[in-house]
Each structure stands twice: as structure tokens, then as C-alpha cells.
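Should a chain be cited, it is by its letter among A, B and C, assigned in written order, with residues numbered from 1 in that chain.
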Amino acid sequence: MNKHFLKTLLLTATLIFTSLGVSFAEPKKGGTLIAAVGNSPRHLNPAVQSGIVTGFPGAQLFATPIRYDNNWEPQPYLAESWEISDGGKTVRLNLVKDAVFHDGVPIKSSDVKFSLETIKKNHPFKTMFAPVVSVETPDEHTAILKLSSPHPALMLAMSSQLMAIIPEHVYGDGQDPKTHPQNSENVVGSGPFKLVEFKSGEHIILERFDDFFIDGRPYLDKMVLKIIKDPATRTIGLENGEIDFYAFENVARNIVRLKKNDNLTVTPDGYAAIGPIDWLAFNTKTGKTADVNVRRAIAYAIDRNFILKAIMLGVADEARTGIHPGSPFYEPNVEPYNLDIDKANKILDDAGYKKGSDGMRFGLTVDFGWPGLKPNAEYTKAALKKIGIDVTVRASADFPTWAKTVSNHNFDLTWDTVFNWGDPVIGVHRTYQTSNIKKGVIWSNTQQYSNPKVDAIMEKAGVENDMDKRKALYSELQKMLANDLPVYWTNTLPYHTIYSKKVGNPPMGIWATSSPMDMTYIKD
Amino acid sequence: MLENEEIEEPTIKPVKEIFQTFFKSYSAVTGLIILIGIAVMGFIGPLFYPTDPFDMVWMPFSPPGADGFLLGTDYLGRDILSQIINGARVSIAIGFSAALVSCFIGVGIGSFAGFYGGWVEETLMRITEFFQVLPTLLFAMVIVALFGSSVLSITLAIGAVSWASVARITRSEFLRIKELDFVLASRSSGSNNMALIFRVILPNAAAPIIVQSALLVGAAITFEAGLAFLGLSDPNVISWGQVIGSNRVYILDATYTVTFPGVAIFITVLAISLVGDGLNDALNPKLRSR
Amino acid sequence: MLLVLLVVVVLNFLMLHLAPGDIADTIAQTMGGADEQDMAELRKQYGLDQPFFIQLFNYVVRVALLDFGHSHFYNLPVFDLIMERFPATLLLVFSAQILSLFVGILLGVYAAQNPNGLSSLFVNMFSLFGYAAPVFWTGILLLIAFSLHIPIFPVSGMRDITIESGNFFVHFFDVLRHLFLPMITLASIFFAYYSRLCRASMLEVLGADFVRTAKAKGLSKKDVLLKHALKNSLSPVITFAGLSFSAVVSGAILVETVYSWPGLGTLAFNSIISRDTPVLLGILIFSTLMVTVGNLLTDLTLKALDPRIKI
């Protein structure tokens, strides 16, 4: 009775305090955060490597010009201020004066220039800095980006892990930056933490960088990232307190389980800019799926609700279009293709695909991009059987084999998870642009979808600086895409962050762990 | 010489006697009954329990016994009992065909090595030795990873890496038997080498080879499960290993999804090894200790 | 031994060649795709445009110089990667092998004393359990039991990297604590083989003349059992242990994957997912080497037990 009362009181107090925005205690300095990561990064240099696996250590090791708060507002980071002029074609960055790299060498505007050029040349996201024509460095602390056209995506592209500022005196030594030995060891970064040890497949140890350009930060002395591939092992580790923190959990079953644990906080917040969407992509050029009727019938036969409730156990959100529901550009008012087997059968009958004596109309193959999507592929097999499509699940043992199959357009259907990466220009356009049908390149327009009207809208939206006009353009785009259906979008990948009660200020912005964790601390 | 002939010639025991010895052993008979039971379940079971193992029949992760599903449902709401029943067929089929492949390669290499001797033997036994030091699972992983995970490639991969023991046994049997009088007799009566190998010597060497191959079936079933656990399985067929492999992520809350197929493998392999022991005792009492 | 290695190397090369897609393909996909021109450049860079036999020759020469190539996933020399993981696997494989031998022999001796009794049956069933249960399954069940429900063992890895200070013993016991479950799991496969073999050969030896003589001379039962019977029955067990080294390494791959043990097994698993073929083939060569050395050690042990044996 007494205990219960106390608990209620405490809860009420917590609610009041948090609603007032008063933090409970001042962040405490010191301590070690034990985090788990689900995969071993190839290396630690996000300037030449995309992906959330490199992003986590990468964003700790390297600072970016700006950072974002929880409300999609840009905030100063390595650039203490910036000015946009010339209709968005000139961006002036004023750098923090006393910033130094981990080897003590000052961070200069020439490093910004070097970093941007390296990224533009080597990073797979070509649209990020494509309009940037040149970078001028009038003095050591000023960098001026000159653009060929307005580029609203630029601000997001200068945050998170996307524009890591790397030292020219280290990575500009003439070696190929993609395979530079100091991408993995003796990393010289610009961020709040420096590298102590990286043992691939085992752990990454990071240590507080004492001369970090924000005074008093980071709070943590040390971060230990344990690389644990097996989800069950990770979950046990979180439950018995061996691990304090894990981001990017996407196994629904584990999320549901860990939510019941009183010592852990489980939250889907913090992933809005990452924007991962699960979808079923169609080959719109060859085979039966070239017919939009077939694509629509398949969409009607696949129950998005089943995926959300049964496979994702209610922890994922519905995604009706290719733009993440957490993005300001999301347009939910499109044809949702809710389950309707009769309609699907009718569409196929009308289109002339008659059922054979065995009840089957034709066969298709379905691939999947990573093991987490295997249930979706297996579900597709069962679901499409009901409308007379005989589906064969093709398993690729490894990612490159799948990527090769799909990027060379040798597929009918494939499940995939694709990231928005903040701005639609970076992560959305690539899937639908006619100009981005690039054989051999994964996550290009592998659907080979081509619609001049869609291309035109995207071109307009990409350079539109007015937010409302831009929103209207993207709304139209999403409606057109839902009609043509080169891809059937189903749900967001249910990324969750799980952390123990002793972790304060976990990264809850829009970039999750692909942002600096200089404010995270360990409570007593 | 005469004496020798009397002791050595009847290497093949009368069938009746073999059966008698075999059926005297309780464990061997139990093993055989279990094995027949599992085979019947796999091949005839689907007629009596027609649920398609790929159909989603209920809510996912319904625990065993609840909602009328004896062994519960998996992550897609597919009936695990049906998966076990249908998986039996595939697991046993893969097990037997892989063992058969091993048997072919092993007997081929072992008999030629044992029969011809000399550089043939030297070369062939080098190869065998090589396959003995090769970590088999790793090699099979490489094959399946490089050439794709279809049932065929998995079966061939398992068969291709497990034949060394058969080859060794075949060779030593051939070395022993080829010097016996009845072989020398048919050699002098003009039989050609192929006839000698396959008609005369091989039948007399069959006993230990059969025992070894029987054990290989069990090993191949476990082997397939191991590959499936690592994600190297064919998603279009249900095998026990495949059930374990694809439910592996959910073991914390739905341990039963992994427990039941594991038990199925366990019981089958155990039964095979009991039968193998029984066969061993029945076919070659002298080699009891092996 | 050298010949065996040469065969592995050539076989490796053949497999690489026969498999659909080449290294350039994989690198291109890992990096996010490439067009025809980039592909041609990559092929040239990796010597894939050379004739078959020249490529084969180059490969063999490079391996002979301990250059296993470059991991395109980890961006490190394969040799370095393997050396980093090798000690962990070595520790696991040898400790499991020794444990299974020890327990197997113990059980075998115990069962041999009363070959038809209940205890013998029990030993038989116990060891058969380990033989028949898939090793990863045993591992998962042990992990759930002793890391989750009764959390006395850590879930993964080989050591607690948060322990900074501390002397040798602190680290030693830390590794031991991490090693315990993987070691037991891996050893469980082989209890059956060793205990049954030991039991059988003990029974054979116990029936032999010289043991009867020893008994007649009035030696105690214990002395007879340990000094004479056991010593003579060890040879077949150890011979078999040598032969099963490759099976131990195979089992280790699965066990490492279950427990995230940072050895060659997890590296192989990762390499499969990322199609890091040079690493995979490097591991294949290396583990073959490991098995060969294991066999050699077995022979030496046999010789130590019985000097009459010639190697």
C-alpha cells in the first residue's frame, strides 16, 4: 500500500518535471557507456561510407558543420553560424574558432573544403552535394559553398554522419580515401570522442576527447560498443544489465519483450530523419509486373495490416508512400491498397490473366534484401497464392549476391528496406528518377520506373526553397507514385532505442545514434 | 591355405542370422521403430494432417496447445506441427541422398585405392586424407555460399565433404579381401577388374560400409540443420533445420519454435545411431569396438 | 602436409573461379554499385583480366608468402584479420577437445567397470544426448538456461572489456567465465565418441592376458584399472581424437555463432553474409592448417604414451 503510494507519487513527480521540461538532475561527468551494435562496421570513416553501422562510431569520432534538434531545426555545431544568400545558391559557414582535430591540429576551413570534396567524390549519396560547384575559403574560419541551383537538402546533408569533417593533413596524403588505413585505426577525428581500439567483429572503444570544441562536453569518459550480431544474445545482455544501450533494434518480438522490463526504456523516438521504410519493389520493365494491373492486384492481395500486426507486432507504423511518416513531407491521403482479395482477383481476371486448372495464373519470384525481411517474403508467397500467383522465394546467402541480382534488374519482386536519409532529395528521388536507372547500382531506380511527369515534379521540388510549396509538390508526387505503384510501401522499419534507467540524455533527435552523443551521461 | 579359406570365406553372414542378431537388441529395434515412425509421419502424415506448412493459419506465436495447435504457431502463424511433419520428409530425404552421395564417392575412391594399390592408392588416399583434415562444415558453407542455397546444392555439398570415412573403410576392407582365396580364384578364372571390384569384392565388404553409411544419414541431417542455422537453407522447402534457422531470432519468447524441431532432429539422429549400432553388431560382431 | 595445403589452395582457387560472380562484382556491390568501366578497372586492379593459369600461379605464390589477399569488407589484409581471431578459436577448440577427452575417458572407465549395469546404460544415454542433439541447439538451450533464467554466465564475447586494471588472474578468470558455456557445448558432441570408444577398448584390454596376470599377481582393482587397462586403451581414443579435429573445428563455427565468440567461426559467418570470399578462403586454408597441426600433436601424444609407435 505504502510502496504503491510512493511509486505513484514518484511517477506524478516525474510527469510534472518532464512536462515542465526541467531535467531531473544535472548531467554528471564521467562514467562508461556500454552499448551494443548489431553489426561490425567496415571502417569508421563516414565521409566515404554510408550506413548506420559506420554512423554510430562515425558521428562520435567526427563532427559535422551543423546538427539538428528534435524538431528538425538546424543548430550550430562545428559551424557556429551560417548565412544563406543568393536565393539559396551561396551558403556561408562560420566555423568555431578553437576547434582542433584529435591530433591537436586546428580545424580550418580548408579541411571543410577537403571533406566536402572527398565526400562528393566518394560517398554513394551523389545527390547530397551534387549542386555544390565550389567551396571558397576566404579565411581559416570561413567556408563559402557556391551552388549551381538552390538545394534545400543541403542543411540536412551537412549534419549527422553525412558531412564528417576529416583532416586534410591525414586523409589528403594521396591514398584512396575509400581504403585509407586510417579509416580503421589511428583515426584522427574532429568529434567529441576519439578512438582507442577497433577490433572488427568484437568491439569499438571510444574515449572522451578532452580538447573537444564544446566546453565541458562530452560528459561520458568512455564508450564501449560491443559488436553482437545475434538479436537474442543482445536482448539477454540488455536484460541482465551487461549492456546499457542499444539503438536500431528492429526485431519486433524483442521490442515487445523489452518493453515489459522495468529497468529499461524502449522508445521509437529519434529516427525521423533516418526514415527506414519496408517495401515491396516491382520490376516495372520486364515480366508480368511490367503491367500496372498486376502490381495493383499484388498490392491489394498483400495485407499491410497483417504485416503491421502479426509480423511487426504493432511496433511499426504504417507507411503508405515512399516518404517516411515522420517526415514533414509525408502525404497519407493516397490510395492505400487495403486488403481486398476479390478486387485483386477481378483486376487480374479483367487484365486477361486466367487461372489454370491448378488455380494458378502465373509464377513470380520474390527476393529479400536482408534476413529480417525473410518473413515478408514468405508471407508474400502465402498471400499471393490466394490470387493465383505462384511465388518462389529466392534466398541470397549474402548481401552482394542480392544486390547484384536486383541492381542488374533480374527480379520480379523484391522486399527491401530503404532509408530516407533526412531530405527526399537524398533518399527518395533516387528510387523513382528516370535518370537514376543505373544498371549495377543498388538502391538506384532498380524498378526501372520512368514517368516524365514524376521526374518533372521531383526536379521542381528539389530546388524549391519555400516549405509550403515544397510540401505541395511532394504531396502530388506521392499521389502519382501510389497510382503507378513502382513500389508497394508497407511500413516503417520499427527502429527502437533501448536503454537502461541509468542512461541520461540518450540521442533522441532526428538522427538517432548517427548524431554526436556528447550530451549523454550516466546517472549514479 | 585350406584352413584359411574355411575361416575367411563366409564373410557374408546368412541373412536370417543377421536379422536374428539385430532383432535381439532392444535398442536397435526401438531405434528402427522410431525411424519407421518418423518416415511414415513424413511421407503419409500430410494425408492425415493436410495443413500446408507454408500457410498462415492462425495468429503468430500461439503457444503449444493453445487454440488447437498442438505445437503452436511460428512467426507467421504457420502450424509448427505441420512443419515438423512435412519437414521430416525433407530432412530425411536430404539425409539419405547426401549419405548416398558420400557413399558413392567414398566407395568409388576407397575400392579403387584398395584394389589397384600403388600410385593409384597413394593419390586417392592423399585426396581422402585431405578431405579428412578439411573442416567439413566450413567447406560446405563455402560451397553453398558460392553456388546458392538450393536443396540440390546443399545435398551435394554435404555429400561431397563427408565421404572420407567411407573411403577409408572401403579401402581397408578391399585390402583385406582382395588377397582372399575366392577373389584370387575368380581372378584366375578370367574376371576383369571391374567385375572383381563390384561383383566379387564389394558385396563382401558391404557390411562395415553399410554401417558407416547409416551413421552418415544421421550426420547429414544434423549437418543440414547446422547450415540452415547459419542461414544457408532453401526457403522454398521446410526442413527441420530451416525451421530452427528461421525461428532463431525469436527463441527468447517462443523457445518452443526451436525446441520442437530440435527434438525431432535429436530423436531421429538418436534412432539412426541405435539402428547403426544394431547393424554393426549384427553384421560384423568382430568390429564391435568400433 | 605441404601437399595438403597446396591442394586446399588450388581447390580454393577453383571454387572462386567456378562460382557465379567474381570479386570485382562483390566489391562493386559492397561499395554501392559500379558501371562497366569501373568494373573493368577493378578487374584489372585485382588481376582478374589475366589468363586462368597465371592467376592460379599468382594466387599460389601469394598464399605461400602468407598473403591471403585483402578483405574487401573489413578493408584489411586477410592474414591480419585471421591472426586477430585465431587465438580465440584455438582456445575454444583445444579446451573443448581436452574437456571432452577427459570427461569421455572418465565416463568410459566408469562404464567399463560394470558394462551391463544401469550406470553403463546411463553413461551411454548421457553421451548419446550430446551426439544426437544439434550443437547449436544445445548451445541455445544452455544460453537461455544459464544466461537468462539463471544468469551466472555472460551472454557473449570472450572477455569483459570494461575490466581495465587487475592482474593476470582477474583476466584469466574473466576469460574462463566466458569460455565455460561455449566449451561445454562444443565438448558435448564428443562425449559419446570418446566414452564409448574408451569403454569398448577398456573391456577388450580387461579381458587380455596381461591384465589377468596382473590381477592374479594380487594388484588392487584400482591399480589394474588405471595402470594397465587405461593406459593401453588410451591409444584408440587418442587416435580417434586426432581424426575428429576437423569435426571439432566445424562444431566450433556453430558454437561461436551462438555465443558471439570472437573467433574464426564468427568471422566465417560474417564473411558469408558479406560475401567476403578472400576471408572465407583464408579461413579454410588456416583451419586446415590447424587441423593438420592438431593431428601432428595427436601423433606426438600417442608416441609419448607408447614409444613403440613410429610416426
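Just so we're on the same page, a contact is a pair of C-beta atoms (placed from the backbone, for glycine too) under 8 Å apart; a residue touches a chain by one contact, two chains touch by 3 or more.
Remember, it's a predicted structure, so these values are computed and weren't measured experimentally.
Engineer: Of all the chains, which has the CA centre nearest the overall CA centre?
Structural biologist: When every chain is reduced to its C-alpha mean, the one closest to the whole-protein mean is C.
Engineer: Pick out whichever of the two, B-C or A-B, is joined by more C-beta pairs in contact.
Structural biologist: B-C
Engineer: Express in whole angstrom the distance between the two chain centres, defined as the mean CA positions of chain A and chain C.
Structural biologist: 39
Engineer: What whole-Å value do you get for the distance between chain A and chain B if each is reduced to the mean of its CA atoms?
Structural biologist: So the centre of chain A lies 47 Å away from the centre of chain B.
Engineer: Could you tell me the distance, in whole angstrom, between the mean C-alpha positions of chain B and chain C?
Structural biologist: 22
Engineer: Residues of chain B that touch two or more other chains: which are they?
Structural biologist: In chain B, 145, 148, 231-232, 248, 251-252 touch at least two other chains.
Engineer: Name the residues of chain A that each touch 2 or more other chains.
Structural biologist: If we look for residues of chain A contacting two or more partner chains, we find 232, 236, 397-398.
Engineer: Listing for chain C: what residues touch at least two other chains?
Structural biologist: 140, 148, 257, 269, 272-273, 275
Engineer: Please give the residue numbers of chain C that touch chain A in the complex, ascending.
Structural biologist: The touching residues are 21, 25-26, 28-36, 39, 73-76, 81, 84-85, 140, 143, 147-148, 151, 154-158, 161-162, 257-260, 262, 266-267, 269-270, 272-275.
Engineer: Going by the contact rule at the top, pick out the chain B residues touching chain C in the complex.
Structural biologist: 126-127, 129-130, 132-139, 141-143, 145-148, 218, 222, 225-226, 229-232, 241, 244, 248, 251-252, 255, 258-259, 262, 265-267, 269-270, 273, 288-290
Engineer: For a test of understanding, state which residues of chain B touch chain A in their complex under the given definition.
Structural biologist: 54-56, 59-61, 75-78, 144-145, 148-149, 231-236, 246, 248-254
Engineer: Name, in rising order, each residue of chain A that touches chain C in their complex.
Structural biologist: For chain A paired with chain C, touching residues are 32, 34, 40, 42-43, 50, 124, 178-179, 183-184, 199-203, 205, 224, 226, 228-230, 232-233, 236-237, 239-240, 242, 397-401, 403-404, 407, 438-444.
Engineer: Going by the contact rule at the top, pick out the chain C residues touching chain B in the complex.
Structural biologist: Going by the criterion above, the answer is residues 3-4, 7-8, 15-16, 18-20, 128-129, 131-137, 140-141, 144, 148, 197, 200-201, 203-204, 236, 243, 245-247, 249-251, 253-254, 257, 268-269, 272-273, 275, 277, 280-281, 283-284, 287-288, 291-292, 295.
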